[in-house]
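In what follows, subunit A forms one complex with subunit B and a second complex with subunit C.
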Partner chain A sequence: MPGDLTRDAITITLVTGVLIWVLPLIVGTYTLTVLAIYGMLGLSLGLVWGFGGILCFGQAAFFGLGAYAYAIFAINIGESTVPMILAVLVPAVFAAFLGALMFYGRLGDVYLGVITLVVTLILFKVINSTAGPQYVIGNARLGGFNGIPGFPTLNVPGIPDAYIWGDRYFQVCAVLLGLVCMLVTALLRSSFGRIAVGIRENETRMSLMGYDVRARKTAMFAIGAAIAGLAGGLFANWAEIVTPNLFSLGQSAEIIIWCIVGGLGTRLGPVLGAAGLAYLKFLLGQQAVVDNALVTGLVLVLFVLFLPKGVVPALSALWRAGAGRRPRGRVRQRRRPPRRERLNG
Partner chain B sequence: MDLYVVVLVEVLYGVASLILISAGLAIVFGMIKVINLAHGEFMMMGGYATITAVNLGVNVFVAMLVIAPVAVGLVGLVVERLVIRHLYGRLVDTMLATWGLSLFFIGLATMIFGNTTTGISTPIPGFAIGDYQVNGYNFFIIVAAALLLVAMLSVLKGTRAGLVARGTMQGPEMAAALGYSPDRIYMATFFCGSALSGLAGAILAPLVGLVPTSGGAYIAKAFITVIAGGPSLVAGLLSSASLFGVVNQAFTFATSPVIGEVALLVAAVVLLRILPQGVTGTFFKGKI
Partner chain C sequence: MAEIALETHGLTMRFGGVVAADRVDFKLEARELRCLIGPNGAGKSTFFKCITGLQSPSEGEVYMRGIETTGWMPHRIASLGVGIKTQTPNVLDSLSVHENIWLAARRFHGSREADRKTREVIELLDLGAISRNGLGRLAHGERQRVELGLVAVGDPWLILLDEPAAGLGAGDVERLTGIIHELNRQAALVIVEHDMQFIRSIAETVTVFHQGKVLMEDHVESVMSDPVVRNVYLGRKA
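Presenting the complex of A and B:
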């Protein structure tokens, strides 16, 4: 990856700053908040799948776990700082266990897909069936299908009465998204990130070079889950209710669609894909002629068929060709091998 | 004594319904290595085809056993020609594309049939075993699943078409060199798989209230049954369906249906961790 970290950090800061200032002039901040949260969620899978080569069909599980962890601890603790930290930690620890189970078993990508999908379903079914008053964690009733409403929302750390909401909350989410972007950038520039990309490209080669592929994949999986958990905690604050639908297969499908449409192997792609498609869904929700799922499904099929690389890589290739700049090195010119081989490593 | 008979029937029914749910996916995955995540929606369409036909005055068994498979098979044919055909050999891409298709069909069904529950009554009345009332339709499902397995086995093992299909599955180039077009064989296989999905959806339709999102309830079970079954088609289907069916029903009897479902899923995770190649990747090697 060319350039250096400082320049990237400055770019991300500038872009985030400008967007926080400009976007609310066009779209309401209530909508923008959730777009930023989805952007973060998209980025979490974009990191795990696009750079780590781990196709997770259950990223929604970590999103939902983060949201539920926040809601449950917020009710029990009464303020938001510790629950927010737990919203990151709980999914990360869960993912570390699940990842260790899968990667130390050296499961192939199809089996990985099945297991993550099944785990998401288990969580969905379990949470869905906790409707009775006997299912309580501390003071928080799990509420089954109806979810958990009425937990304290985000406040200024240390001052439980100073709630952050409305425009301020959007700014918090956007800044956090910028920070996560920077974190991901730093991670990818570090040796850990480069080795992760190496594992994506050829797992056997990396393990022969002496790297512990299983531990590194597990760590990558946990980091992705932590980001998804943070997005989940923020989402719980935005929606002010958490329901089992956060764990649904539809939610997982959407995250995967964002990544595919935005572009795998880029940082910007999943964020843009998430925000763009979520906004499209929001617009589609305002009319009753065409069903939402129909359009989402069609978008996914068309992208897999005609633009499997996604929008961002296609546009940047176009940009390079248009600007008359020669692509850097052979690697960028080479046609991408079929994804199956890439993921199998 | 009566209780044991009832439990036995329930367990058999659990296994049989898993076989029905997974058969279409097993054919498509086993023969052409395509994971059809729109499988649940194919079943949903089979259900809607049956209900629509019955409401138009067609005999329920004709609707179930003829109209639904043919209708869904034709939909599968269109899907194969437009989408799947371009993605052979790219497993993950087919998964994503068919996931998109599944959302597309859910949307389409919502637009046509509305987001309401529809259903038909079971065509076979229940009867009593001792003190217990048993659903007569369960027996129909058990018989249908058994017939289906026998039919699959005899077609694959006993007919020339089955031989050609198995040959193409093992070596498409060799089959092509011998004058068979893999493209057309894949197309026919996908048609058969879709028709089986439609049949399963139709047979199970009287037992469930059908909504456009009904497919989601089937896909995960079908997916794990097929993957856990491993490379052998019929043997794998039978072994994993038996295992999961028994686990599911045992936990359902001991606790509640929800725990039964969860136990099935946990069993699948554990099984895949121990036998990543599926049951028939380790046992019953070389069977169909």
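Presenting the complex of A and C:
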């Protein structure tokens, strides 16, 4: 369906363009930057979980690995282009290795959750205990729970002195988020993406069709980690410090909540869920009456009870109910499931 | 001598102390149609799972077109051009009929060719009216038919069906018979089945399993009239 892909690409470009222009009028770009980064992180799990059927409790591990990879290599290399690429590659390779271990070991879903969770914990513990001066990679001190501050931030590729910051950095993050959305769209429309959705639906059937489920799930897992790693690298640039908290369980849980609230099995849902909830957290952080975690928990509970499919699927169902009443040209067209479902399948 | 599509030598499957399949020697020629029957627990399904790779046999070998496939994973066996339908319907529930069949076709063809093959199979199985519906919303008979479509679209030379007629109405069974004859023009088939009416209408040679072993292997009419078979299997049902 190349025509559909072009249409999607145009839509994403337009929406990204308009948002880059409009949103800074309402919210500060410093906050918007991190919302875009979280959106990308949400999308990474949205892809792996919502379309690949792999519930990963450790998406934060790849996010943190990306951030640390960036910080460490930026200190050692002194510019940002190569570290940014490594921020994508390091988590991807790590995930490919971990994924191969799990999927070729024929682990069930529950154990997969447990292992990804434990890996996140291990990373957290390990990085946390590297406070001593003997823990260095090249010129970079790992710094334990204090993290790594003071690394070179993003610069124009090839010109190490031209730093990208402030409004410009927001635009870079937003454009990258748009690009990742397009990439994910293209992926889901490709045979690889359609087969991945088939695997989510029924692994046995897909293997009886002749597909190597293990290899394909590993690849999907690595792609999700690469996106999370990119988000991590961008986050490191935004925060200008990386700390072990990036690997915290709270962070992992939050990503999962974003996906549930936004809507699994959609591309837009996890992005909106991430940006919306992170913004809510930001607003709540400015007052001291109610606790942040309490509200996030309440939101999750309410969604699970009343809107279990999430915001985006609910909205698109509403939209369809409205549009469905309008007469259509051909009867067959009406039988065709709406676009979102076709994307799933 | 005709080409051998499927052959097993001394295939044995043990679960702890239970021998579910006991030194089964089985031979199927190209474009042959064979039904496997036997009472519950006779080892038909275990035998079926061992040749499809869903289980790995304890002993013995499996050959497909002369290639040893013992202990292979199902996806490798399927990749040889073997179509498999399991006992319980194994379909992709939230996807459309078209997508289900397309995914099966895509394994052996490019994207465009898969589109064409999918249309062809949808036509062949008369699924046109429901091709955009999700599998989860279809009736049991329709789901079974879609699963046959998944099997057929790969142009297999060996088809293994576990209870394809289970739970089907009379009209659906008749349609199934037609489809199976159509498939049989290209492929050898092994069909595990309980429905005697159905077996009579499609089979020539029948293999009877009893307590993990092959009890007898003969023409369908002589099997049905055999007193031993009647005792172990049909006798109990009558």
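Keep this in mind: the second predicted complex is superposed on the first by the 320 of 345 C-alpha atoms of A that agree within 3 Å, B and C clash if a C-alpha of one lies under 4 Å from a C-alpha of the other, contacts with A are read in each partner's own complex, and residues count from 1 in each chain.
Just so we're on the same page, a contact is a pair of C-beta atoms (placed from the backbone, for glycine too) under 8 Å apart; a residue touches a chain by one contact, two chains touch by 3 or more.
Being a predicted model, the structure only gives us computed values, none of them experimental.
**Q** Should A:18 be classified as contacting the first partner (subunit B), the second (subunit C), both, or neither?
**A** neither
**Q** Which partner does A:294 contact after superposing on A: first (subunit B), second (subunit C), both, neither?
**A** first
**Q** Let me test your reading of the model: by the given contact rule, A:27 touches which partner, first (subunit B), second (subunit C), both or neither?
**A** Once the two structures are laid over each other on A, A:27 reaches no partner at all.
**Q** Is A:249 in contact with subunit B, with subunit C, with both, or with neither (first, second, both, neither)?
**A** A:249 sits against subunit B, while subunit C stays out of touch.
**Q** Could you say whether A:162 touches subunit B, subunit C, both of them, or neither, answering first, second, both or neither?
**A** neither
**Q** Let me test your reading of the model: by the given contact rule, A:113 touches which partner, first (subunit B), second (subunit C), both or neither?
**A** A:113 sits against subunit B, while subunit C stays out of touch.
**Q** Mind telling me which of the two, subunit B or subunit C, contacts the most residues of subunit A?
**A** Between subunit B and subunit C, B touches the greater number of residues in subunit A.
**Q** Under the stated contact criterion, what part of subunit C meets subunit A in this complex?
**A** Contacts found on subunit C: 52, 54, 73-76, 78-79, 84, 86, 90-96, 99, 102-104, 106-108, 111, 132-134, 150, 154.
**Q** Can you tell me which positions in subunit A touch subunit C when the two form their complex?
**A** Against subunit C, subunit A makes touches at 191, 194-195, 197-198, 201-202, 204-213, 335-337, 341-342, 344-345.
**Q** For subunit B, which residues count as touching subunit A in their complex?
**A** Against subunit A, the touching part of subunit B is residues 35, 83, 86-87, 89-93, 95-97, 99-108, 110-111, 216, 219-220, 223-224, 227, 256, 258, 261-262, 265-266, 268-269, 272-273, 276.
**Q** State the interface residues of subunit A toward subunit B in the complex, per the touch definition above.
**A** 55, 101-102, 105-111, 113-115, 117-119, 121-122, 125-126, 128-129, 249-250, 253, 256-257, 260, 290-301, 304-305, 308, 338-340, 343
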